[in-house]
Structure formats: structure tokens, C-alpha cells
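Presented sequentially are two complexes of chain A, the first with chain B as partner and the second with chain C.
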Partner chain A sequence: MARPAAPGQRHENSDPPDKHRPQVVLGAVTTGLLNTSEPLPMEAARQALALLPGVSPDWRRHPIEQVVSPDLFFGLDCKLAVRSGAQPRAIGTARARAVLTAGHVLQGSASVAVVLDASKRRLPWAHYAARTGTVEAINKADPADLVTGFLHARAGNTLLDLGKTGSYVMSLLDRVPQVDRQARLKTQTRRLLWAAQLVPGTEPEAQVEAGDDGVFRVRMAIAPQLLPTFVDFCEVLALHDWLLAALKNAFDRSARRGRRAEDEIDPALTYLGHIWNPTAHLSSQEMRSLWQALEDEAQLTWEWQSTLTRVRDKVTLLTRKAIEETLHKESV
Partner chain B sequence: MLVFSSSDKGGTGRSVTSCNLAYRLSLIGQDVAYLDFDFGSPTAGAIFEIPTLERGTPDGGLHSYILGKVAEPARVDVRVVTERTALKERPPGSGKLSLFPGDVGGAEFHLTNDHIKKAIDLFETVEREFDVAIVDLSAGRSSALDMSLQAVSPKVRPRKADPIRWLLFHRWTTQHVIAASGLLFAENGIVACATNAGFDQRGFRSMVRTIRTAVPDDTAFGKETTPEQEAWLRKSDDILKGLAKARGLGQDLLAGLTPLEPMLLWREQVIMDVDVKRRLAKRATTKSFDELADRIIHDDAWEGF
Partner chain C sequence: MTAVTPARASSTPARVFSERNQGTTVQNLPLSHLSIEVGHFYMDDLENGEEPIRRQFERVKPWLDAAMATVVCGEEKPRVSTCFLVDDYFQRWPDASRIMERLLRLARESGVEIDYVARESSCARRLDGFGVAELVARRILEEPEPEYSTGGRPPTAHTGWLSNGRPPREATVLNVMEAHDWEAGQEYGKRNHSIFLDVELWKDRAEPGADEEEVLSQRLYSCPFLAAVWQLVRLGLLRKDGAPALEVTDWDGHWSDEWTQFPDIVKVRPQAKPFYAYRSLSIMPQHFLGIEHAVRTIIDHVLLDQPVVESLLLRAQDKKIFLPSAVADRISHHFLEGGQ
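Entry: the complex of A and B
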């Protein structure tokens, strides 16, 4: 029932020598609606997310159904974005997984741990293959610079793009037989980028930034052992950011000209209305307080509640109108 | 819904009419994506007055996406990036308007199955977010046209998916009518291509409609039109109607026509209601765009006319 090992965890367990300890971990979470008309029942979801032959996905039923695919690894040889100076070349593997919540909201979550200044040239592939989820950077770089570079770089062909990796993992589910490709709700895929500097013994401190481009960016200094819970935090934030955007979009669309409001509101309420529960996904005290700090600032839960209330009020008003029209017809 | 815009010749007003259609569709509450598939000369950026995209984008447009160079194509919200102030406003009750630009320096390519798969994914992605996606194809036969037909053929498209509309734009002149008919019905024409891709011929033909662009009326001669000119115009129009009918482009296939709009003779652009109010554009022009937009989204109008 537990969620699988998150990025970086294995490194801490295997306790590598200092030189090969990652200083920075970079990640992206892409969130969208699974392309189905109805949510996948638990059994079907577990079959669909068995993306690696012979490894069954992790899952839980309460408080909300969630299935997490086994980790997949993708070979990388790319440049890392930096603000100034030469872009370091990074070689290794990215770790990625798919997370399906309530049988309907799909996330592709990808990350790499970056070991800086590991070697002066590219080593044989076996070296990197043995260090899953890690890239080693040739040339020096400042960790803080890498963090900023990753969060704010414009996408380029040769740059590390973990959002792309997440999208790819999601696309694996478009072609499984359980998915009927008949989504009833118009939604947009959204992205969250995160970057953590690993500092042993530090108190977790996060900066969350909602960009004009619709991308959430989370920057954090964190003790290495807390990294897996931080990845959970980012996935939870991405999930709830997407939920809020999807519900608002449905409400906006319900007020369009020449459109039946109930066609938009019905699927949104039916499929999304019950999923909001951020703290349920956060197991550690540190991440719960981080979420609380975010709530104090951005009031996401209040916004969700008020949007949901608006949607339900609209349903009530539409119902009243429909009843009045029926009565009027009968009386004529 | 996917709407494909095709034409035999350049200069028919295909792109400018398609951009105007996209804008009008967004005004009537549709979420609209405009996909610039005119890979050789992407123009939508200029029509929507987006300075950075005048000739396509340098970072990963649709052409790069189809060739597999980028994982996601570039996209912009037209109202956010346009330079035209009036176009920036999003009236209440209207929908989104997004442009997926082509690439600067894009070109024709040799079509492979990988490209078709990319196109299938692209169409599926935009249809999940938008109500209408307008795909602007380059003039004449092109790889993009073949690719589009294969990507929406009944072999690959789920049966319950949204409808497809195929628009054929042509100017209202003898040459253009003949050319458009050729593009549609000739040996290697669109219908033949569609049949090859797996459509049955009748099924495909029911998706095709024509749009006659820049159609002059009797004001075209100026204020003092002579009776001779009026008679000549009427006669020419009748001859053209006969020609169109004989070439299979008759009334039954007609989605609508757009009048000759002087504003568009100087500059390809979005004609807004404010242009009519300022007495720069003809009321008939925006009216024709509105009628077309309305027909495109209504199935009954599509089957009926």
C-alpha cells in the first residue's frame, strides 16, 4: 500500500562516498485528465499502470483511490541550464512514474539527482546505468545557479526537460485498452517544476511561485532524508493546482454563449468534486507545515471551496429555473 | 471538432478567412485552437498581429513537432501576445483563442508513418482542450495535407470522436473555380487521397464544403455603376455558377461566401466589429464570418445545406 521509493531515496540508502553525493535534485510534475469517459475502476487502473512487466503498481484505496506505477528510467545526455557561464553537460538516467488519482487524474512525475563535478569526461554507460535516477555533470556548476537555471530556462532541444519525460510517461496510458479516449471534460494539461538543494541538517524552506505561464515553480533547501516527502508535496500541489484550474475552466465554459451549462458542470462535479484533500497525501509533519504555510499565503482550499460553491449554486438556480418552466408549461 | 482549411492556389484568402473564423468562433463561446500547418510560409502570426511570430516561431513550432524535434509544440494565447489592443479584450461569454505557430524556415518534408503518429497525437491533444481546432494547410497538394487525411481517417480515429469539416477555399473567378475543382476531384486530388487513407468516398464528400472568397457585388465598379456593368456582372456571375456546378462545386457544397473586403486588399488581418463601427470594414464581411462560424459548429446546418 505504500508509495514507491521517491527520487534520491536509494542514494541515501546506498550511502555513496561524498564525491558522488547529489547536491541538487530537479523534477517536474505534469498533470492532466486521463483520456477516459468514466474514471478507471481500481482493478483496471492497476492493470493500466503496470508499466513495467512483472512489477505491479503500488496502490491505496483510502481516503481516495490512488495507483502509482513502478519507476521507469530514461537515459539522458543533455545540457543543464544555468544563468551564467557554460552549461554543464549531464549524463545518466531520469526516474519517472505515473500517478493516477481517483481513477481519473493522471500525473507524470520525473526527476533527476544531480552529482556535480563528478568526472572530466563521459564514462562508459555501465557506470551511469548502475546509478539509477542520477545524472553526473561534467564541468563545475554552482548548485543555486542550476536550480534557478532549471526553473526559469526556456525549453531548448539540448536542455534537460523533465516535463517532457513526464508527458511521455502519461502518453503510455493513452494506448492501453482500458482507456477509451472519450474524455467528457475539456481540460488543459498543467506543469509544476521543482528543484531542491540538498543541505544536510537544514530546516526545510520552500519558495512557491505561480508563474504567468501557468507553471508552478517550487524551490527548496532540504535535508536529504526528507526528499521523498518533498516529491510527494510537489505531486500533491500539482494535483490540486490542476483540480482548481479544471473546475474553474468548467465553470467558465458553463457561462458561454449558446451552450448548455449542465453539459460542462455535470462532468466537472461528478468527476472532480470529491478529490480535493491535500493533507491526506502528506505523511510527514514537515510537509504538512509547508502546506499550511502555502495555504496561509495562497488560500488554495478556500478558493476551491468557493469555486465549488459557485458551481453548486449554479446547479441549484438552473434546477429552480427548470422547475418554474415546467410549471409554467403546465399552467398554460 | 477538427476543421481543415485547404485551397488550390495561394492568395485565395484561405489563411485570413480561417483566422477570422477562429476569432469569430471564440466570440460565440468556443475554445479555439489555430494550427498553422502552412509549413512553408506560416502567416497566422502576422494576421493576428503578433510581432514575434510574424513568420512563425524560432523555438519548436508545429513543423519541428511533426518532425519529432520537440516533444510539445509552441503555443500562445492570441489575446495575450497580439499587438492589436482591441483584439486583446476577451468579451464575456467568449472562449479561448490559442495559436500553435509554424516554424520560421519550415519546409516541405517527405511523409513517414512517424509524422502521421505525431499528427494523430497532436489532434487528440488539442481536441481534449479545445472545442474547435482549425488546421490551416498550405495551398495545393502537400505532405501536410496527406498527413492530415491519414491522421483523421476512420482507420485511426475513434468512431465516436467529434466531427471533421473539410473546407475548400477559392476565389470567385473562372481560373480559381477550375483549379479548386481540380484539387478536389482530380486523379491525385483530395478525394482520391482521402479514399486512399481509408475514407469511403461518399462519407468523405459529406465533410467537404467550399467557401467562395472575395466575391464582388455590383458595388465593385464604384459609385457610378453603369447599367451595362451591372448586366455584365450578373451575366458573369451566372456563367461562374454554371461552371462551378458543372465542376462539382455547386450550391450543395457551398458553406458560404465572403464579400470583397477592401481592408483585406491592403492587409491580411482580423476584421473586428470595431472596424465596422469605425466604418472601415463592411458590415457584410463580419456578417459572413459570423454565418460561417455558426454553420461550422452546427451539425444540422452542415448536413442540410
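Entry: the complex of A and C
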């Protein structure tokens, strides 16, 4: 009668373990301002980030409102960059989500787990569809080489480009009715690249590099179970790198000839001034420690505070000047 | 550059505050081991006298018994439920109650007990108006083109067509001396030779420029597309807000004359085992083979919600039931011979 397994199948309760587990995970976080005149209130944000019917986004209110869309998947069949030897071909799907912080800062966060030397040819698609967020590489590669290759590759039309994936997810938010497409603050989109080597049982070890191209690059050796918190860490770092750049740019523009300083500074202070809080959503102790270690050397929070102080000083000076001018006019 | 090794986690103090509101919590469903679809008819077959209906059920019966013997159930007692999908989407007559009573009687007389009856229209749009088919449509991922899919390609099918490869095409003839100006179609996942398949998922009938709501309300889904929805519903994989996309209603003892007033899935036999199941089997006439090939192609390209997939895998693992990771591998068919 009934049997535990179907004919021809092993008496196991799941598929045979994958020939390999992923050894490397690659990711990119693209950060920019949501194209809206005012930050989205929580309810509108939750509606806007419901990018798939049938599932609702995750969200939290404290200490900063944040909404995280469901995962979307993108088909991949491309080359992975390496420093030496032939570029492996990888087939599967990338995972991407939109993250909206304080109703205003939008991130497209894309990642893919890489299983090396998995097969000799492209398999029927059902195989990859059942392993979402994973690519399998045909032919071998050194995991450390893949990490370096991904972080430092030049763009090519056959190379994995997760930044594009994140940008696409962000562009979906341009089409939702909650977004009025009338941003009041000029900002530039910024990108962070990350790559993790998965090493079971290892102590986390990270290197953060600020490149001369303005891109933060994070490489990490990490135990697989910590990966989700590491992705959070990279999103937090990308967010704060963007905040810092956006505030500094606004300050720089305010000093340019022919501009009214308050037109540049006011929106920056109004919309960005309150958002800085790097450890707000870092839930694991490992990642809080990592942030702390990063602070000790890079001192991003000091930089933010000092930039903010300069901006506010400028506002104070402008105010004083305006008052003096008014008094002068009255006395004349 | 900064290189850091954070402190060990063992000194972690207990956390006082946490907040992460999950948008969607996946429900655990009661599950059978096998859901068997016991035959299928076009609506006009159901109108054309009793004999053909009886004959199909009689031919289903021995395979139904055989299927019972193949149930994969780990260490549990086998749980099997049977179901029947009424083809009311493309055409329907207003004598639903007569058709239903006759159908269930003929099945019973042939030794085939139908536990659940569902309507194909519900696979497009539920009785409450919710667009079930769009849950699947929005999760379809076109197969990436070999070598050039680097991650920026939009994930969904916009054209209403889905293929398992690249269609045949007229090549641009740059050099008149080159003889071949035609390129064969190609199945991306082929083994040596291709079986290229292009499936029509739906036809949009709204005027160009109509808003999305209008487009969806006018959209005519294809038979394979609705059958793919039906398979995913039976496998408990298609959810809305964590609950099954189509839910089961107990039969209240009488059938409405209007198909549009039928619940989405009706539980006909009170003692039936759960509707949703780890695996599905469909027994149907041979001429549906083409449709089921298309169904498989569609299902192979649907990327399901991970929490749902994982909840089922964990349940199966817990009960020591083998469950293939590829969804299409949980689906099987028996095609009754043709010519009858």
C-alpha cells in the first residue's frame, strides 16, 4: 500500500542535498530619494511597497519608520567577473527588494547566492525556479576571486549587474499612485556593493572600502546563518553613506554663486536632518559590533554631526544677516 | 580601508525591544497526501447525454484505485481527496443545478466519489471579485536568455505569452551568399534537441490606453493558464495574505442554477479528507495532453513566495514525506486513451 517514498526515489524526506551549498553571496544596494514632495505616511508607504499581489510588506515604526517590500526575482544567465582564469557562467535568479526609510529614502537591494561548479550545462528552468535567489555556476572558480572580481569589475554587457536590478526595483515606485513624482530635494543615487564568503562556524570578519568612484565596497567572511543580518548591515551603511552625501551636496550647492542658500539647505534639513540612526535596525549583536568597529575608524557619525552643525550654523548666520538687513532698512 | 573583527557574540545581552511587523503570516493548512482530479469535461460534454459522462468515470475508476496505492505518506495513514473542476469559464448554461446533480450521481454510480467541486471561473476571479489569476500572472518570470541576462530585465511577462526558449526567427541576411536566412527555435533547457513551446497566457480585450483595472477585468485567460492556477491552488501554494487563494466552503445541500453563485470550492462529502495536498494527480482524457504540457511550462516559470514554499517543505520533512523541490514534480497525470 502506501510507501514513504515514491517509486525510484530514495527513502529521504527531501531532495538530495545540493551538490554544493552557496559559497559566495553577492549584492548591491542602490539608494536614492523617493520621487515624492513629502515623505510618505506609513499607510501610504505600505500600499506603495506592496509590489506583489497577495503579500504585504514588512514594516516597523520605531525608532524610524521603515517598510520592506516582498522579494522580487530576476532571471540571470551571465558571466561572473574573476581576476584570473575563465569567467564562470552563472544561471538562476537574483532576489531584490525595495526598502523605504522615513517614508522618503528609497533603496533597491539586490543579491544572489552563488553555487560553484554545480553542473556542466544549463538545466531545465524548473531546477532554477525551485532555488530562488541562487545562481549555479557552470565551471569552477575560487570564491575569494569571485568576491574581488564582483567588487571591482568594470561593467560589461555579459557581466552580472545587480546595481541595475536594484535600480529597476526602485523604478517600480515611480509608477505607484501614492508617489507624486515632485521631489523637492536634489540628490544623487548612490551605490554600495557587497560580497560575502560563507564559511560555516567562522567569526565574522569585514573590510569596508570607500572607493575613489564614490562607491562603498564591503567584503565579509561570515557564517551562513548571519547572512540576513549582514544584508541589513549593508543596507544601513548604504543609507547613511547616501544621507551624508546628500547633506554635504546640499551644503556645497548653498555656497554656489547664483543660488539662494536657503533653497538648498531648507529641504535638506527638513527631510534628512532627523534620519541618522545607524544602529536603529541592526538587530544582531555581531552587526552592532561591526558598526561600532567601523565608527572607530571611519567616524561617519562624527562626520554627519559636524556637517549638520555647519548647515545649522549657516542657517543661524543667514538668519542674523536677514534680521540685520531688516533693522538696517527700518533705521534708514 | 577598514578591517574589523567584531566582538564575540557570546557576550550578547538579552534584547529588550524588538519590532518587525510581518506583512503576511503564512497559514498552516490541513493537507492530504494526494489530491486526485477525477476526470474533466468541456461544458458541452456535460450537456450531451449521460452515457459519455458515465463512460469517462468508469474509465477513471481503476486508475483511481491504482493512484490510492501510490500515495506517498511517510509514516502517516494515507489521506486522499478527490476533486472535479467544472469548466464554466469559456461557456456556461443556466442549468447548473441539473448538471451538478447528474454529474455527482453518475460519478457515484461508477464508483468514483467526488469530494470537492471547484469552478474554473474562480481560478480567474473569486466569487468576491478578487483576481486570483493575477497572483500567478505577476509571479511569472520569463526564462533568461542565455549569456546576456545580467539582472536588469523586468521580471514579468507583459505580452500574454510565455515560452520555454527563443522562437524561430528570420535572420537578417547581411551577405547574400549566406544561404540560411532562418534560425530554428530553441528550448533553453534542452537536452540535445529542442521542444520549443510558446504558450498564450491571456488575451487582453480592453481598448488601448484603458487603465489597469479595466484591462484586468476584460482579460480573457487561457485554459492552460487557469489550469496552472488550479494546480497551484490544490498544492496549497497559492495564497492571498497567507490564506489559500481559493477557500473551501461546505455544501449547503442544494445547487444554485447560476454558476456565478457557486462558492469557489465546494466540499461535497462531509467526511472528505482535506482538499489541499502535498501532491496532485489529474486523470483526464488524452486530448488534454497539450494543455497539460503548457500547464507544466507555466508552473515551471512561476516563482512562488518563499515562506509558503518553506512552510510546506518543513511540514513534509517533519512528517517524513518526500517532497520534490520543483513544483511541477509534485504534479502527475494519467491520460485516458483516446478515441472513445
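The working rule: the second predicted complex is superposed on the first by the 315 of 332 C-alpha atoms of A that agree within 3 Å, B and C clash if a C-alpha of one lies under 4 Å from a C-alpha of the other, contacts with A are read in each partner's own complex, and residues count from 1 in each chain.
The working rule: a contact is a pair of C-beta atoms (placed from the backbone, for glycine too) under 8 Å apart; a residue touches a chain by one contact, two chains touch by 3 or more.
What you see is a predicted model, and the numbers here were worked out from it, not measured in a lab.
Student: Record, for the superposition on chain A, whether partners chain B and chain C clash or fit.
Tutor: fit
Student: When the two structures are overlaid on chain A, which partner does A:35 contact: first (chain B), second (chain C), both, or neither?
Tutor: A:35 sits against chain B, while chain C stays out of touch.
Student: Go through the superposed model and pick first if A:313 touches only chain B, second if only chain C, both, or neither.
Tutor: In the superposed model, A:313 contacts neither chain B nor chain C.
Student: Which of the two partners, first being chain B and second being chain C, lies in contact with A:43: first, second, both, or neither?
Tutor: Neither chain B nor chain C is touched by A:43.
Student: If we overlay the two complexes on their shared chain A, which of chain B and chain C does A:161 touch? Say first, second, both or neither.
Tutor: A:161 contacts both chain B and chain C.
Student: Please indicate which partner A:70 is in contact with in the superposed arrangement: first for chain B, second for chain C, both, or neither.
Tutor: In the superposed model, A:70 contacts chain C only, not chain B.
Student: Could you say whether A:208 touches chain B, chain C, both of them, or neither, answering first, second, both or neither?
Tutor: second
Student: On the A-aligned overlay, A:263 touches which partner chain: chain B = first, chain C = second, or both, or neither?
Tutor: Neither partner.
Student: A:182 contacts which: chain B (first), chain C (second), both, neither?
Tutor: After superposition on chain A, A:182 lies in contact with chain B alone.
Student: Upon superposition of the two complexes, what minimum C-alpha distance (Å) separates chain B from chain C?
Tutor: 7
Student: Once the complexes are superposed, what residues of chain A are shared between the chain B interface and the chain C interface?
Tutor: 157, 161, 164, 167-168
Student: Which positions of chain A touch chain C when the two form their complex?
Tutor: Result: residues 1-7, 9, 11-15, 46, 50, 52-62, 70-79, 89, 91, 93-94, 110, 122-127, 129-133, 157-162, 164-165, 167-168, 203-209, 283-290, 292-294, 297-298 of chain A touch chain C.
Student: Which residues of chain B touch chain A in the complex?
Tutor: So the residues of chain B in touch with chain A come to 28-31, 59-60, 69-72, 92-95, 121, 124-125, 128-131, 158, 160-161.
Student: Quick check: in the complex, which residue numbers of chain C touch chain A?
Tutor: Residue positions touching the partner: 1-9, 11-12, 15, 17-24, 33, 69-75, 77-78, 131, 134-135, 138-139, 141-155, 164, 188-189, 238-241, 245, 299-303, 305-306, 313, 316-317, 320-329.
Student: Would you tell me which residues of chain A are touching chain B in their complex?
Tutor: 33, 35, 154-157, 161, 163-164, 167-168, 171, 174, 180-183, 186-189, 253, 255-259
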